[in-house]
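Here the structure is laid out as structure tokens; the discussion comes afterwards.
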Amino acid sequence: MIIVMQQGALQSQVEDVVKRVESLGYKVHLSRGEARTIIGIIGADEHILQPGTFEAMDGVEKTMRVMQPFRIASRDFTHQDSIVSVDGVQIGGQKIVVMAGPCSVESREMILETAHAVKEAGASILRGGAFKPRSSPYSFQGLGEEGLRYLAEAREQTGLPIITEVMSADEIELVCDYADILQVGARNTQNYSLLKVLGKQSKPVMLKRGMSSTIQELLMSAEYILSGGNMQVMVCERGIRTFETATRFTFDVNAVPVLKELSHLPVVADTAHGTGKWSLVNPVTRAAVAAGADAIMVEVHPNPASAWSDGAQSLTLERFAQLMRDLRPVAQAVGRTL
Amino acid sequence: MIIVMQQGALQSQVEDVVKRVESLGYKVHLSRGEARTIIGIIGADEHILQPGTFEAMDGVEKTMRVMQPFRIASRDFTHQDSIVSVDGVQIGGQKIVVMAGPCSVESREMILETAHAVKEAGASILRGGAFKPRSSPYSFQGLGEEGLRYLAEAREQTGLPIITEVMSADEIELVCDYADILQVGARNTQNYSLLKVLGKQSKPVMLKRGMSSTIQELLMSAEYILSGGNMQVMVCERGIRTFETATRFTFDVNAVPVLKELSHLPVVADTAHGTGKWSLVNPVTRAAVAAGADAIMVEVHPNPASAWSDGAQSLTLERFAQLMRDLRPVAQAVGRTL
Amino acid sequence: MIIVMQQGALQSQVEDVVKRVESLGYKVHLSRGEARTIIGIIGADEHILQPGTFEAMDGVEKTMRVMQPFRIASRDFTHQDSIVSVDGVQIGGQKIVVMAGPCSVESREMILETAHAVKEAGASILRGGAFKPRSSPYSFQGLGEEGLRYLAEAREQTGLPIITEVMSADEIELVCDYADILQVGARNTQNYSLLKVLGKQSKPVMLKRGMSSTIQELLMSAEYILSGGNMQVMVCERGIRTFETATRFTFDVNAVPVLKELSHLPVVADTAHGTGKWSLVNPVTRAAVAAGADAIMVEVHPNPASAWSDGAQSLTLERFAQLMRDLRPVAQAVGRTL
Amino acid sequence: MIIVMQQGALQSQVEDVVKRVESLGYKVHLSRGEARTIIGIIGADEHILQPGTFEAMDGVEKTMRVMQPFRIASRDFTHQDSIVSVDGVQIGGQKIVVMAGPCSVESREMILETAHAVKEAGASILRGGAFKPRSSPYSFQGLGEEGLRYLAEAREQTGLPIITEVMSADEIELVCDYADILQVGARNTQNYSLLKVLGKQSKPVMLKRGMSSTIQELLMSAEYILSGGNMQVMVCERGIRTFETATRFTFDVNAVPVLKELSHLPVVADTAHGTGKWSLVNPVTRAAVAAGADAIMVEVHPNPASAWSDGAQSLTLERFAQLMRDLRPVAQAVGRTL
């Protein structure tokens, strides 16, 4: 970390900062420029330093981080790409993994029909929500455990592992009884109470980026799970909130290669939420694969116009099959399989 | 809700949409313009309709809401300003309420010292965090119940009611044993599992706006608590995330009068988080009061440079006393007291 | 356009609005719902109506547009994709066009070397700045006409048409003497004085999206040029400003298919500015092609570390050649050639 | 400027960067930490260094600025607040200056009526647009020179100095014949061709912040004018573009004290554009004054519902008079007069 002193900072203020740094067990590297004095902090553990510690001191203008504030999630930790394995499906390897299914599990019939269809089209993992974070209290909130049972039945029939969302710590045990991958939604990316408990689980976790989380914050939230001991973590770009209103969110395609540069964790692209409109899902999913995503997640519904949630961004079974046909050559073009 | 059909939408597609609307129990108002056919939905309960229901249908271009999607939180529900009462302190009335205290409770001594000082300077409510949502797992996470006990002791000594954050549903019971007002932080604004449980509590709730929540989404989250039966809700503007990097967040001063127009709920302004820098807290708090905030929340610490969290945006005891002196004439200028 | 009256709007206020609409030559479609009265405006020319006209009237709550506010730029105007032709290069057709070259023309030697190299690697158009919009007055501002002359010489030697930026109306004549395509930069997207003059030119224009322009605003700016009579317009996504700081801008990949849905104009992707970092240019350009861009623009420099501007996002000659090799299979995967 | 080398950067890469820095005439301060080598650049002219120069070099991870990239606009340049004087009106002094008038000059009668009314209510400067930047080519574009003549007549009758917008360099001479202050609009904040010419004028300039300009970029644009020799510059906060859709823009009240900290230039608050809705103008203008703005700019129209532009955010004459009555005690509360 670098501390920049104000123009005209007193010698005593500089000394106070130096003392403070040394009292925390770090060494100091002092540099007096023509306009500003700069204090470099030297030590292995910059990630545990807090800028505010120094910014509140008299004479300090600002601080700047040299290192990323995450450690285990970082490329510095390991240069090898991490692979998350679920029932023989490897996420983060050469093959691009497709997670598909409805936004919400609405009934036994619809999830079974969808599961068989996405499997036949080439999906490797079945998604479906049983506990749903809805912006309105008057909207359908999910079938709960009943939905989990239907998902499990769909897995039995198709062999597809299941990913489903967990919204609070007290649901984890129940969800773990049924699910193969635990999904943390964009509204819970910084729900640290939840993340801490997930760090103690043995099931893999897919952590979605919050709609206004920076890439750094996303990896800090991953660090909560990793530092708790659970190394089976994937991060998921799902669109960020910007001023643009033509789409529901702005899919941050830059984030895919940036995450691959900064971290060794597998990167998933959720292009249903990243666009909000089914007609955009096909081209933007192609883009995500071309940019290097390890897995993609899309919403599929036998009849989107009757969907209880997210109908506008759901693909029909036929459109999903078409997407798979369109994705295969793109995957090959970037040296992957689908 | 208004449904706009695509240019050249088929008659059969229009009919399908009309049938769908009617099957949901609403009436239809059809309008054929020169370029587009428009379908108006007539009925009292627009707030429970979901746009996606129609946007997934063939021939539909888009939908537009006529009404706000919240009901109890709305000015349509009651024109009278709601007042939240806590131990004789009324939030939402003529007097502007000041909530002050440290980011985190760090020790018994510091919270007692701070409590006495802010009380003497004119604060009405003591804030202090015992459970802390920190972006890094390596940062201080709060003293937990020990912190709550110190807060309670500070209340006994000063008579100031206590507001403190609750981060998950399983903490609520414990926090309710000590706190007078439950605070929902910006990272939990859309933690619906938590909001549902808070709707069943008898203690008042202060709901912070998420850093990327729209005003509408903030009021929808308030609606979760209100529709659960807890009518003691305040909403809090605390800065939103924008492209500007000179400040930690952008305090959305527009939101203060907008919230007063759209809702009857009391509006709190958290200018510590809204700016991120102590030197900006004084002018921006004056601005919030001038714009019509019912209460303000600031962070105060006996020695910000040694604070375990948020030191950079914390006022010293003296700077807080100065803020109170500066705010009084501003409050009077807008017909309020402090 | 739809006008929503306030709850409890007076009958006389509704009548005033109706009279106003009719006085402007439109018909009215009145709909009285249970909670709100809604006034639909019927007529062919919604794009010339201004919402503010009605929002300032007593009793009006808000207005909502049914149609897009642009006309010639719209898919409603023509369903066929427009093609811009420059010296035999067709932008908007089956072949994806690559525009490459340095940020600034720095010398005769460097532009000639770059031109030959990008031509050999497969580029169809040479880019290079002679007039440079720099955020600092102390930075290199471009070689001006001298730079244009070097560009023209590079065209003579390689046969590559030239695209270069024009920053103000009084430069247009000079730039037209040398350039084949006139580029409008992101800081001038809403420089209407400039756009009006460009509408009178016979040379094609590539209009970049402003860093905070919505897609609608971008197409409105295109409408300025089109309505002036110049139908040779391309629009260019080049990254928008968001809260994310890991990249210089956020390349809005969604905008590519959205622009193709809303408009018939060719869509260019500038991934150098859209990312700000050379290592991201390759994956994000692949993504842009996979999403359906008609052309791509990248910055290439023989020695980026000595570049007078934009070195960090410039590809070396070799990295550009690699990009071309990587793009070819992606273009084929989406049914295009490169 | 600080250069951070990548983990594992080669000694030869470090040496190359050091040579590069020294070849530019700066000294180097080298610091080898446990995880990263850091190169400090020492010299008086950091503001002319470009980060890209180094970020394109092998082995470099990132650069960080120590100093602001502007010089004359900076508080480091002079600690005394600058005052812009126009015909006896001082902007930046103890008295808060009110600039009021219509968005566009629509006719001789309306501008005269408005001028007399705002003067009577206490305004010091008359605003009015003759050249209008409109997002649609089909909207009213301003009366041009005719509008300027009416403004001049209003000045003669009332004694109020005039501020009006100039959109391109070739209009400057004409506008200078009539106007007292030249306004640069938000869409031209980074129109450097225009800024350079304004740097050569003798009339004061009010520079509006672009809707997505950072505070730093705003001051860099001011630097263009100042470094050209024109020291009579005011900067104006007018709302930034964010994800919030309840208001047209988000008035960045933080920017007011931030600009006062970073710069000595007078700060104007345009709350009409900063909110987009007349009912919000009163509270947000009060907030701007409370936060320390030196001047405010609002839009006033005798009959907003018939305004040719910006009707929704314009105050009636009576509402403006009310605003002045409401502002006076707020100005006094912060030690200013109105």
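The letters A, B, C and D name the chains in turn, as written, and every chain counts its residues from 1.
Operating definition for what follows: a contact is a pair of C-beta atoms (placed from the backbone, for glycine too) under 8 Å apart; a residue touches a chain by one contact, two chains touch by 3 or more.
Owing to the predicted nature of the structure, the values given are computational and were not obtained by experimental measurement.
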item: Shared interface partners, meaning chains that touch subunit C and subunit D; value: A, B
item: Relative to subunit D, chain with the most remote C-alpha centre; value: A
item: Between the pairs A-C and A-D, the one where more C-beta pairs touch; value: A-C
item: When subunit A is superposed on subunit B by its C-alpha atoms, the rotation angle in degrees, nearest 5; value: 180
item: Approximate Å spacing (C-alpha centroids) for the pair subunit A, subunit B; value: 26
item: Separation of subunit A from subunit C, taking each centre as the mean of its C-alpha atoms, in whole Å; value: 31
item: Whole-Å gap between the CA centroids of subunit A and subunit D; value: 38
item: Multi-chain contact residues (two or more partners), subunit C; value: 212, 241-243, 245
item: Subunit A to subunit C touching residues, read off their complex; value: 212, 214-216, 240, 242-247, 250-258, 261-262, 274-275, 279-280, 283-284, 286-292, 326, 329-330, 332-334
item: In the complex, subunit C residues that touch subunit B; value: 2, 4, 7, 29, 31, 33-36, 38, 40, 42-44, 46, 64, 66-67, 76, 212, 241-243, 245
item: Touching residues on subunit B, where the partner in the complex is subunit A; value: 20, 47-48, 50-58, 69-70, 131, 133-139, 141, 167-171, 187-188, 190-194, 196, 210-212, 217, 220-221, 223-224, 227-228, 241, 277-278, 304-305, 307, 309-314
